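Both of the next two complexes hold subunit A, though its partner changes from subunit B to subunit C.
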Partner chain A sequence: MDDTTKRLVQRLVKRIPAQMLRTTLDKWDRLTGEQKKSMDFTQSKWALTEKMLDLCEVNGLSVKHLTELEMIYIIDNPNKGMWYAFQLMDPQDDAHSVELMQFKEQFKSHLKELVRHVSIKIKKHTDEAVWIRIAWGDTFARPNHLKPTYVVHYLQSPYVFVTSLTLKQKPLLSQALVLSTRYQAIKDANLSGRKLTAIRDLLMRKYQQVFPTKYPSPLPENNPTISSIETFFVLLQMACEAFGGGMLPQLQSAVYKLETKFRDNSNKTMSEREEPFKCVVKFASTNLLESFRHCASSGIASTPVTPLLSCIPLKGRNYFVITDNGPGPSSQMRQPQN
Partner chain B sequence: MFKSVSGFCLLGPSPQDMERHHNSATRTPLNNVGVQRRSKSYRLSYRSCLGTAASRLGLTPALTARRLNTSRRALKPHGVAEKVDPEQLALLVKTEWQLSYVTPLHQFRHTQLKSYSRRLAAFIAAGKQQGLAVAVENPQTTFRVSFSLVEGMTESADDAETVLIQIHARPSFAGQDEPQRPAWSGWLTCVNGNPDYLRSLPKDFTCLPLFGSSGAEGLGALVKSWFQQSFDCCFGPLEVSHTSLQWLMALWTNCHTEASIQHLKMIWTLPAVPPLEVTYTVNPEDAWELWRSVRKQKENRGGGGEEEENCIDIEEVADFVQGLKSHFYRHFRLDLSAGSLNQVSTALGSAKHSGRMKISNSRYMTTTLTLLTESALLKMPI
Partner chain C sequence: MEGASAKGVLSHLSLLEVQARSRKTQPKQPSRVQELKAKAEALTRQRDQLRAEVETHKNLKKLRASMDKRCRREEDEEEGMDEDSENSNLLRLMARHTQLKDLLHAYDVIGGYNIIKTRQGKGLCVSLATAYEGAYFETYNLEMDLKPTVRISRHNVPPFIPLNNLAEQSNMQTEIRTLLDPLSQHLNAFAGRKQQLKLVKELHKSVEVMESNVLCSFLVLMFTLPREKTAVLCSLDYSDCTRCLPTRVHFECEDNELPDSPEWKKHRSLLMETPVHKALITMRKMGNIV
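Right after this comes the complex of A and B.
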């Protein structure tokens, strides 16, 4: 057994939690029933590794098969590592009719043209997602299977999610994606997070959206006839309109780079200053959107909810650079340079 | 208004410690009740030394702002770097310390440090024998304790000299090199403590109210226990109050022209469900400009003279923080006052509400420690 295969086995057994290893091996279907029974998942990882190495030797399994195992595990457990969202831009006429086989062939051939040694595995998953595993090599080196990039593309949508991609690899991947999907460009969607499912649901709006009610609700501020229950419902309605109803995608952070002028009536010196007040604000929570929704419905946030926050679900992004736009006092969103 | 006497030492030793107190070889003559009685009659309360105004305020936490000094001298880079032994200084900076307050030590002698080293080592060995948890991998390990004097930390003649304690784990295998980092280290200090209070203490008492600890917690607990038994004192957790955190923000930002703070970072928590953490990092130049504008406003309001220039008032600190909050509110319509400030940090140091503190630049150590000494003295029961 060569060194790469060994290291890959070691890495996989180390990485996959014992209880998941059993199910993943089942799905992999490369070990016989007997062999699977012989594995004791209560043993130490070291012992399991030795066992796996034996079995792979016996069955004549190679890197090719092990990468399958890895892919099965990652697809079932996508909420690890950092995922970044990208959006394909300016579809050509035939972009919408690209179907799976065509995409697979095209992607492989384009990437292979760009990178001398590369190993590509493409698999379609149940929910219209196409998963791609890329092990990168170059003119001199064989593909490195220990640091693969994973890409998820939803056919019929312009969205692509990527993890473990270096700066050097980015333009190569971008090129291959653009050509094989028949779009003209790809840009950073300014959305990232540890949970693929969360950022996907946010970007593709797979959560319950709440639309404004028929009659616009006035803010019940100085109206003595409006009860606190009504206030509660008004705030709750506003909060849900801004962030969504029901279960919200588990986004964990949002970053705002503020480059706006300081304006405060009580501080004349600062308000007259020409330069922007530069700061960075990062919001973090186990479920950021729920936290924001709660802030809005409970009064911690003043309503109406500021567009800076409601932009997260509206535009499906969590990285913003905010600058002053024009002479007015309000800040607007501007997209960062790609 | 004062806490009842029965509350005095109950905060310090846990029931476990009390037991050890009776069993330990290094016995101190009195049980707790005796200590309280003697201390009560011999020591004035810290608060009574602050003057009648302070004592009328009582123990309400909300009035903390008025209990700390409302103005303090601006941070000047005291020549601590020149006065303190550089090796010792290196041990103090760039480490995160867990803070506690300590009540005055009875019959503590700076001349007896060698003897204390031996006694503490024996105490730890005895503690290990009794099976008390000390986080060490090898049960054969013995500990070497060293107490050292850190001179030059303070300018005031009333302050007792700082004491540094280190515990090195000596592995039992012969020939192994001594480990570089101590298993535990800590210090006791008093920097610019209130002179009226310090002078009011009877001669037998040494006041080193601020205690910092870093390393194996089990060892730290043993050290505190030993001090409690040997010098009839009490330890208690010292949080860095919101007011102190805001002071540090202002004091550190004030240094920006002399030593770049690199950033002013604050971590707030808002009480949402689930809780929302906000990390608000301000560019150093912008933080400095805001601070300067607040200072200028004070000048315009009629503060004059050089004496005033060196003094920073709490109103200025409050205005500074309010400025930061209002900029935030303008964008996010979230009022940071609804939440709590948990941590502040700059290149000069960091401090957490939970009582953890790190000094990254020794030049500004003195004012930070002055602030914390004051907090410790205020937090002490009675």
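Right after this comes the complex of A and C.
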């Protein structure tokens, strides 16, 4: 068994928690029933690794099969690592009729044209997501299976979700994606998070959004005769309209990069400076949108909800650059946006 | 004295003479007089009727105004007419009838969509319901700003529905239905295709869904032929996203002759014209697929 395979087995056994390993091995279906029975998941990871190495040797399993195992695990547990969202821009006329076979062939052929040695695996999941695993090599080196990039895309939607991509690999992946999806450009969607499901649900609008009802409520400040119960419902309605109802996609952070002129008359030194005051504000939480919603509904945050916060779900992004002219344009990978 | 009375008598006599003469010509007049009398009567009746209508209309307007005010304030008390006469009940019904007619007309003008005003008239929220085969599905909402220009500020339309394109191509600044009608078409067709796929998976477990996508714009099914036990791959392209039926049906089979056989040509037209879950029922009944 070669070194790469060994290291891959070690990495996988180390990474996958013991309980998940059993179910993942079942789905993988490369070990016989007896072999699976012979594995004792209460043993130490080191012992399990040795066992796996033995079984892989016996069954003649190679890197190809092990990458399958990895992919199965990642697809079932996508909320690890850091995921970044990208948006495809300007679809060609045939973009909406790109189907799976065509996409697979095109993506593989385009990426292989750009990178001499690359290992690509594409799998369609039951929820219509297309998962791509890329192990990158170059002119001289074989694909590195220990640091693969994972890409998730829903055909006919403009979003692509990526994890573990280096700066060097970014333009290569972008090119392959743009050409195989029949769009003209791809840009950073300025949305990132640890949970793929959260950023996906936010962009694909898979959470419950709340809209104004038939009976509009006046702002409590303008109406002194309104009761506290009514105030509660008014604030709740406003909060839900801004952030959503029910379970919200679990974002962990929002970052505002400020490049605005310092404004405080009591501090002449700062406010007299020519250059803008650079500052980064970061909000962090286990469930950021839920926190914001609670702030608004409990009256901690002023209502109506400031657009700086409500544009997180509205625009589907959690990274903003604020200049004196308003929020700046998002960064691009190909062409400047109009 | 004699002269005066003589004058009087003479003038009287001449009057009588004129009368006698005119009496001779009178037979021609009665019908004309009667005509005119009849006309006068008719006009009088008409005038009375019009007066009554004007009166009713005035009362109706008053009643309608109070009804409209009541609707706005949403009170349930019966105001206005206290008389319990047949007249006032009838009047109330008539007022209600005009109210409903106006409501229907307004609804027609906005295309039957649920629209509510928001932010003191500065915005709108449109609700688009989707339905297929008598069942309702998702309701999609668009929140819109009206000033300075009409634009969509928030919505929950999924990203694979080309909302931005439809908005650009529409004339929504002047006629909002040029956006809402095509959008409703897209959304309803999507709901229909999605439901068809769901039903295929539920009702036809022997048919395998090989490929589908979030927009439900293409479908690849695998049929098993009962006798030969071979498989037929059926591709359905729904390239017109405003429709629930496919634009192209294609069969692939090991047996190259099969797709061109008359039976399968029938299947092709069946699948082109009938929703897929229903077409499959027919095909299974006919014993052509498992």
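We adopt the following convention: the second predicted complex is superposed on the first by the 307 of 338 C-alpha atoms of A that agree within 3 Å, B and C clash if a C-alpha of one lies under 4 Å from a C-alpha of the other, contacts with A are read in each partner's own complex, and residues count from 1 in each chain.
By our rule, a contact is a pair of C-beta atoms (placed from the backbone, for glycine too) under 8 Å apart; a residue touches a chain by one contact, two chains touch by 3 or more.
Computed from a predicted model, the values in this text were never measured in an experiment.
> Let me test your reading of the model: by the given contact rule, A:L258 touches which partner, first (subunit B), second (subunit C), both or neither?
Only subunit B is touched by A:L258; subunit C is not.
> State whether A:Q10 touches subunit B only (first), subunit C only (second), both chains, or neither.
neither
> Does the superposition put A:M270 against subunit B (first), subunit C (second), both, or neither?
first
> Now for A:S62: first (subunit B), second (subunit C), both, or neither, which partner does it touch?
Once the two structures are laid over each other on A, A:S62 reaches no partner at all.
> Now for A:E99: first (subunit B), second (subunit C), both, or neither, which partner does it touch?
second
> Is A:Y154 contacted by the first partner subunit B, the second partner subunit C, both or neither?
second
> Examine A:S164 and indicate which partner it touches, taking first as subunit B and second as subunit C; both and neither are also allowed.
Neither partner.
> Name the contact category of A:F292: first (subunit B only), second (subunit C only), both, or neither.
In the superposed model, A:F292 contacts subunit B only, not subunit C.
> Tell me, which parts of subunit A touch subunit B in their complex?
The touching residues are 256, 258, 260, 262-264, 266-267, 269-270, 273, 275, 277-288, 290-292, 294-295, 298, 300-303, 305-306, 308-309, 322, 331.
> Note which residues of subunit C are touching subunit A in the complex, please.
Answer in residue numbers: 116-119, 125, 127, 141, 143, 154, 156-160, 162, 211-215, 217-218, 237, 239, 241.
> For the complex, which residues does subunit A have touching subunit C?
96-97, 99-101, 124, 128, 154-159, 203-205, 209, 211-214, 216, 314
> Mind pulling up the subunit B residues that touch subunit A in the complex?
Residue positions touching the partner: 270-283, 285-286, 289-290, 292-294, 296-297, 319, 322-323, 326-328, 330-335, 338.
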